[in-house]
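First, the structure itself, so that you have it in front of you.
Letters A, B, C and D mark the chains as written, and numbering starts fresh at 1 in each.
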Amino acid sequence: VEGSAPPVRESVDFARIVAFTDGVFAIAITLLVLSLEVPPGLAGHALNNYLEDSWPQLFAYFLSFAVIGRFWITHHRAFGMLHDFDRRLLALNLLYLSLIVLIPFASELLGDYGDVTAAVVVYATVVGSAALLSSLMLRHTLGQGHVHADSRESAREISAGLLRAAIVFYVSIPIAFISPLAGQLTWLLLLADALPGWFRRARQTA
Amino acid sequence: VEGSAPPVRESVDFARIVAFTDGVFAIAITLLVLSLEVPPGLAGHALNNYLEDSWPQLFAYFLSFAVIGRFWITHHRAFGMLHDFDRRLLALNLLYLSLIVLIPFASELLGDYGDVTAAVVVYATVVGSAALLSSLMLRHTLGQGHVHADSRESAREISAGLLRAAIVFYVSIPIAFISPLAGQLTWLLLLADALPGWFRRARQTA
Amino acid sequence: VEGSAPPVRESVDFARIVAFTDGVFAIAITLLVLSLEVPPGLAGHALNNYLEDSWPQLFAYFLSFAVIGRFWITHHRAFGMLHDFDRRLLALNLLYLSLIVLIPFASELLGDYGDVTAAVVVYATVVGSAALLSSLMLRHTLGQGHVHADSRESAREISAGLLRAAIVFYVSIPIAFISPLAGQLTWLLLLADALPGWFRRARQTA
Amino acid sequence: VEGSAPPVRESVDFARIVAFTDGVFAIAITLLVLSLEVPPGLAGHALNNYLEDSWPQLFAYFLSFAVIGRFWITHHRAFGMLHDFDRRLLALNLLYLSLIVLIPFASELLGDYGDVTAAVVVYATVVGSAALLSSLMLRHTLGQGHVHADSRESAREISAGLLRAAIVFYVSIPIAFISPLAGQLTWLLLLADALPGWFRRARQTA
């Protein structure tokens, strides 16, 4: 199967694609701070109230920081397994980045309107689609034979984990129509996905 | 002809110019998200309406993401063909970047005022000029003999493709004076430019 | 002790983590400029008054530039001492970065509301927690045996310095409840921490 | 003289300082686009008027793009000449960057209030001080013997050119008190500084 799609290495080298992707991740994660606004001209007492009411914004900030950080780590693990690259993956990677870059917007929306169905739906759609797309990217590269032989098992595991994450976010969408809060609580299922790994590692360390 | 303009390698090394250019591309593409704004203090129902009316902004976001992404890929292919660099190219590259950095502004304008001639004209002028300038940069390096011998044919093709893109965007300007929508539809001609390559590659892959 | 936590090098390589971290630092430090706003539509005289009243914002800008710059230098010195890396450090590093990225927000708050207790408390909490976390990161790597043998003494010194900085910022919090200005003046104690090193180096240079 | 200040290479390596500096330059130059704002809710006719009145903002944008781009090229030429680095240069470099990062603010001020003395004064102060500081940085490294022997002549020339630029910007400050426009026209003297080099190179190329 290898080489059935024309490799793109000659035209755009791999290291630069990764560096560009890293740059976009770093900027998107840092732009999250812009969702926290400093209100103009408040009295001291009013500022206290404003900051005390900022927990939803702060929650959205840390949630999205963890989400983008997690995507970045996964992206790196996945791209470290490739020994080749084709044009389709380059296009899929750009489409994937266009969803990552939307996260600061979706995050600000969630922070300001966490009790409104539409905000939860937008957040779950953006993050779920980014997870789905990265899962498909891995499957594409596996299908093309671009993954190192000794990493194929790990690549399949990562791809399956991303698919599970996408399903959790997509499932939260109909739930958010019943209750926006319940929709967000659905996302906690992802911790259940991560916990076995944590326990296994904790046992190894002990 | 080679070396007739003083090479700049000694003063500013090539890898850093490329890294700086990549950084500017990565930041400009990520700043596109700032064109999507979260309105303050809406009721749930009003937020739904606001989001439903956001399709033009979202269209402009994805269009500009594709445009900047495409410019970045082309820039990389072109710069990968060079074995030398002179001061004029360094200056042209900065001028080119000053147009790329304008795209987030032009994109926000197009998203908010896609039905107004002036917005379409600004967008077409910025993107068309960036395409024209990058075509001229390639021609300059070809003329100076800075392109690897075995890449000259590809460089000429890329330069011609960029020129065609510039012409499409410039031609859309008078059309936008008749109808802003027709001006934007003109840009679809660029897909016709890309389609033959897609079909050829699809046949190769099949 | 070495290797007791599974090394992460295979999955995410060290150089990229550092590059990503550098990118986040560079973006966060540059976003500080966004706290300085240009007011719309003032008359010449009113603009003069506005700029003359901008000293607190400018003070917060330079203070935070120095703070982030200092964290960056320290981070680099610390990471240059590591010969290994584990998943816990990767997670701690992301958590640490999520505090660094909050500094532009805390800085804008301090610039606009330096005379309000809450603004000083937020700033001291963010910066103090970033210092504490980086101190803990160094202790963790020391405990895991990931620090080069000949750098352990320096790593302990840096970790202790970061802990002292964290204490100074945390101590300023109760003081800010009495007087916001006194809380900020407490931070000057950090200069006392830096001065011996300056004098020693000045002597060396003389 | 060499090594009289403790070299910092061991603690923070040179390549990372340069990469961090490049990142800050790339972000600062891209943030210039944020000074161009899209007004909300205008009618088509009002948008035309708004855009037609935007020439001062566009002038400030391109001027500042050229200024930051020029500083970046000069910084690179200068740092390419160094074979060593000390803590004082690291601190000076951070201070220098804190002025570069102010340029987007000064640029927006100049674009919006180019006819007000205060805006011209702020711009000239920021840019002039950045030029002065980079000239001092080069002199410091020359004095410490950190410049490659065969680059000392070039380093002295660059340092003198930066000093001349600083003088032009500082001289424009009192002139701006008489006429803001005359203050800005003073900056054209810098072209006179660049022209001999252009003519020499044009002759070489012909």
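Following the convention adopted for this analysis, contacts are C-beta pairs under 8 Å (C-beta built on N, C-alpha and C of every residue); 3 or more make two chains touch, one makes a residue touch a chain.
Only a predicted model underlies this, so the values are computations on that prediction, with no experimental measurement involved.
Fewest steps needed to get from chain B to chain C, stepping only to touching chains, is 2. Among the remaining chains, the Cα-based centre furthest from that of chain A is the centre of D. If you average the CA atoms of chain C and of chain D, the two centres end up 26 Å from each other. Chain centres here are Cα averages; for chain A and chain D they lie 37 Å apart. Across the assembly, chain A contributes 19, 23, 27, 31, 34 as residues in contact with two or more other chains. Contacting chain pairs in the structure are A-B, A-C, B-D, C-D. Against chain D, the residues of chain C that register as touching in their complex are 18-19, 22-23, 25-27, 29-34, 36, 38, 40, 42, 44, 47-48, 51, 61-62, 65-66, 69, 72-73, 76-77, 80, 201, 204-205.
Of all residues in chain A, those touching chain B in their complex are 4-6, 10-13, 16, 19-20, 23-24, 27-28, 31, 34-35, 87, 90, 94, 97-98, 101-102, 104-105, 108-109, 112-113, 115-119, 122.
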